[in-house]
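Worksheet for the structure shown next.
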Amino acid sequence: MTLRESLSSLLLTGPAALALVLFIFLPVTVVFVLAFTDYQIGASGAGWVGLDNFAQLFGSRLGRNAIFNTLTYVAIVIPASVGLGLLVALGLHGLAGSLPRITNALKAVYFLPVAATLVAMAVSWQMLLHPSLGLVNTWASALGWPAPLWLSDRDLVLYTLAVIGIWQTVGYNMVLFLAGLAAIQPSLYDAAEVDGATGGWSRFWLVTWPMLGPTTLFVLVVTAANAFRVFETVATLTKGGPAFASDTIVYALYREGFVYFKAGYASAITVVFFLALLLLTALQVWVIERRVHYR
Amino acid sequence: MSDILHSPAKGDLPALSLCDVSKRFGETEVVSGFSLDLYAGEFVALLGASGSGKSTTLRMLAGLERPTSGKVMMRGQDVTALRPAARNIALMFQSYALYPHLSVRQNIATPLRQAQLSAAARLPGAGLVSPRTRATEAAIAGRTKEVAEMLRLGELLDRKPGQLSGGQQQRVALARALVRDPSAFLLDEPLSNLDTALRNSTREEIRELHRSTGHAFLLVTHDQADALSMADRIAVMIAGRIAQCAPAAEIYHRPANRDVARFIGAHRMNILSPGAEAAALHPHGAKIEIGVRPEALRIDPEGALTATLTSAAFHGEETLLHLRTPAGTALLAVIDGTASLPAKGTQIRLGAPAARLHGFDATTGQRVEITP
Amino acid sequence: MKPSLLALGLALAAGSAAADTTLRVHYAIPTIWADTQDALAQAFMDAHPDITVTLDGPAEGYADGVQRLLRESVAGTAPDVAWVGLNLWRVLEARGLAQPLDEFLPEDPESVGYTGALLSLGAFDGHQYALGTSASTLVAYVNPDLVERAGGSMEDFPTDYDGIIELAAKIDALDGTTEGVWVSPHDWRFQSFLGAHGGRPLNVDETDVTFDSDAGVAAASIYGRFASEGGMSTMGENDARQAFPAGTLGIMFESSSLMTRFAEGAGDRFDMVVKPMPIVAADEDVYLPTGGSGIVMLTDDAEKQQAAWEYIAFVTSPEAQKIIVETTGYAPTNALVVEDESYLGDFYAENPNARVAHEQVARYAGPWYAYPGAEGVAVTDVIAADLLNVVEGADPRETVEELADTTRGMLGFN
């Protein structure tokens, strides 16, 4: 490459690279440094506290509670949302041939939660789940079932949020799986049929599931990243309550940083969260990548 | 397969037959009133242009598609309602349709595993629990290896399809189709994804496979060279119907109608409408269409037909002459590549041996016998 | 014609400020304040033609607003004057952003309507950093229909907690959907009950937690008794704020700022009645933590400070307070406007509920204690969590004592 070409390449990539450094790398570096200080938003100075912030996250009752809550939430949402997304996609894919109109309507219905703004949806959920006035408990009472405090019972709230989280992501996963299903060569199903895989189950194991491998990996990574980042529903519906029962890592990050103004500690949470997510994604890709692309 | 027959024997029931089968998709009838018998040991080609309904016919034979009317029979038994696996028909797909996540060994073994092992026994490690499963697994492994050796795949058994060349993939597809000793073997455009050099050797290989297994083979192709070179009989399919079903030579030399005549052959047959020009070639030409293959036309100063040369294309072995008769009919003639060419625009006289002329009814297009 | 004279006086004072000053003003919660702020700015500029007020785009809420102010101050683009939550101005004071107002206050603050109680809302450590601009205290919202169905009457509505709990239990027992009483397990509500019992959350020099007194235990016990005797559920704040206007909740202790919203929500279903907090201790020991907004001066430019003070003095004057009361439903923070019938007499005649709330502010207003230090806000969440424990059956005394110890640890009082 000549000097001229190098220069023009630099000219082309320069602004984007500069923006990346200025707006991504620099703030990230600042966050990494702040994580080791006791800086408070708006304060004129800060003291170096070493690993104290990290010790507080893993050592304090609140820090551990947020981590545990997040893990519980994720452990419910990932399998359920991926599984249901696949199930719905399989159903709609099968239905598409015979009832195209109904299928399209159903697709829209499933996708609605993904497209809808979350705050508006949160208001709807609040009304639906109201302990005495909400539709859910009105029906439950009419059927003689107990009417639980969906969002204010500390033993229940995390599961309620998990269900809402699943409801939010199933549509997105469904669309991804539908695309994956559409990309499967029809001749593979013919081959399976000829080879004697006649039942739905054996067709699924012989063709559908392995062929959806790359899609499933992608869906898993995206769902996991979203589930770990759960925030909006917590912020709008429960504010981490009651009594921190739905406090999650990202909500804790927000709480510490923007409600308590403890920027140093919030930065430490950010760093831990960032590294954990990076590690998880890398692990998923590394472990599963080799098993889904069949090379 | 106890009896290995290479030609249909009288009184024997066909291994596979379609009886007056039709198939509609919505308003369009893709296959209409199709009948075909395929005997054990026979090699039949189903030849047609794309969209002629040959793939649908193949799928109905295999059981992947249900006929709208008519029956599919195997050895005299109605199998119309049976699914592919129950018919024990092997099918090799144009795209090969190999399972990309399975090794060559697993791909080949799939039909046997599906047929002989229950869903539970197919789970990994099931052989550790049940001795019977273990025995079945061993038998399947033996048969897989045997078929793989036959198709020179012994070295590749642990590879994934993605790591194989096109020709190797094609042999895996063949092996998977052959592994369970099918009662008929259907091949869907088996050569279309191969380059020219590989095609010729693969044709030989498939013929050899046919000879050694003795199965009934049905080849579906749009390429007449494949059909002519491999099949004992060719069923020419045009617009959802069988236009003619006969041995290759007969199809070429005595096409049953105008459509077959024009479809078969390296170059499209010239057809002269009834009239003076046709009559000049053959006395019946006054009333019927006269067809003559380009390779049967030759420059002949004594020839009965006059035409102007519009262009000539040299193809090495042969030269293609594009001509136009005074009546305006476009003609194509193929002459020896060594012959000297007349200048463009000159009038030349053409002739053809009477034995190589074909007569067709002007309205129905059916063959009219005019040769002595 | 006292008010117009005052306005004239202010206008004259403004004359001494530098000509053509522009003041940048920050406020939050546009859903409540947008129209009010426009009206106030216009009225101020009419009286002070040499000062231009520009309103910054409002923040969503007070917490967002303070975050923005902190960010802006780091960037050096902070506004000159800011309306902030009465519980949040200490955040600005702690970082040296709020300018002391002592030198601007008149010799006799009482004469312009700044009573000692009202000044206490914005004072810390002997200095005045903020002036209240709108106020709210905890009041009891009552659904008279439910009270009567339960056999009670609004004429002799209970004035002590025992009576309220007894009545709540009866309302709760009416049918499956009715609930007797509800109050949020929350720092501010707890401080209100504490103050009504004569307690304080912190000692005077803010070096120790004092809510583990008998008053504190009594305040926490109210939560426990509401639940165990009055049948109070643990539903969330949003749920309760829907339930009361819907007519299924009998008595709700909530901020008086929600009065308009509840009245509109209840609509024709029932005629909501506001009752004052039952006061347990002697009047001189009682304080009710006051929510609402205060105004702080952020500019350190001497000339701008003068103009900023004109604005601050105006929005806390009776004329401006009249506008605020009439458009927001908040209680005023100027004593003159309540004492002098000429300002709000007509308003109170039409809104008797507002008079109840505003009289309570005038009589008992006190600072909403903010816990000092880095963990100050965090402590309030811990208090809320422990109050929920009491609601769910934990012993009030043990809980409050443990909570006090935890709080001391977090605030570094040990």
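Note that the chains take the letters A, B and C in the order they are written out, and that residue 1 is the start of every chain.
As a working rule, contacts are C-beta pairs under 8 Å (C-beta built on N, C-alpha and C of every residue); 3 or more make two chains touch, one makes a residue touch a chain.
Values in this document were obtained by computation on a predicted structure and should not be read as measured data.
*Asks:* What's the fewest number of moves from chain A to chain C, given that each move must go to a chain touching the current one?
*Replies:* Contact-graph shortest path, chain A to chain C, evaluates to 1.
*Asks:* If you average the Cα atoms of each chain, whose average lands nearest the overall Cα average?
*Replies:* A
*Asks:* Compare the CA centroid of chain A with every other chain's and tell me the farthest one.
*Replies:* For chain A, the chain whose C-alpha mean is farthest off is B.
*Asks:* Based only on mean CA positions, could you tell me how far chain A sits from chain C in angstrom?
*Replies:* 38
*Asks:* Once you find the CA centre of chain A and the CA centre of chain B, what distance in Å lies between them?
*Replies:* Chain centres of chain A and chain B, defined by C-alpha means, are spaced 54 Å apart.
*Asks:* In whole angstrom, what separates the CA-based centres of chain B and chain C?
*Replies:* It comes to 90 Å between the two C-alpha centres.
*Asks:* Residue numbers of chain A touching chain C in their complex, please.
*Replies:* Touching chain C from chain A are residues 38, 40-44, 126-127, 130-133, 141, 149, 151-154, 237-238, 240-244, 255-256, 258-262.
*Asks:* Which of the residues in chain C end up touching chain A in this complex?
*Replies:* For chain C paired with chain A, touching residues are 63, 67, 69-71, 73-74, 91-92, 95-97, 176-177, 179, 185, 233-236, 238-239, 242-243, 246, 248, 374-378, 381, 384-386, 388-389.
*Asks:* Help me check something: in the complex, which residues belonging to chain A touch chain B?
*Replies:* These residues of chain A touch chain B: 185, 187-188, 190-191, 193-199, 201-202, 206-207, 210-211, 213, 294-295.
*Asks:* Quick check: in the complex, which residue numbers of chain B touch chain A?
*Replies:* These residues of chain B touch chain A: 59, 62-64, 83-85, 89-91, 93-95, 97-102, 110-111, 114-115, 119, 122, 160-163, 176.
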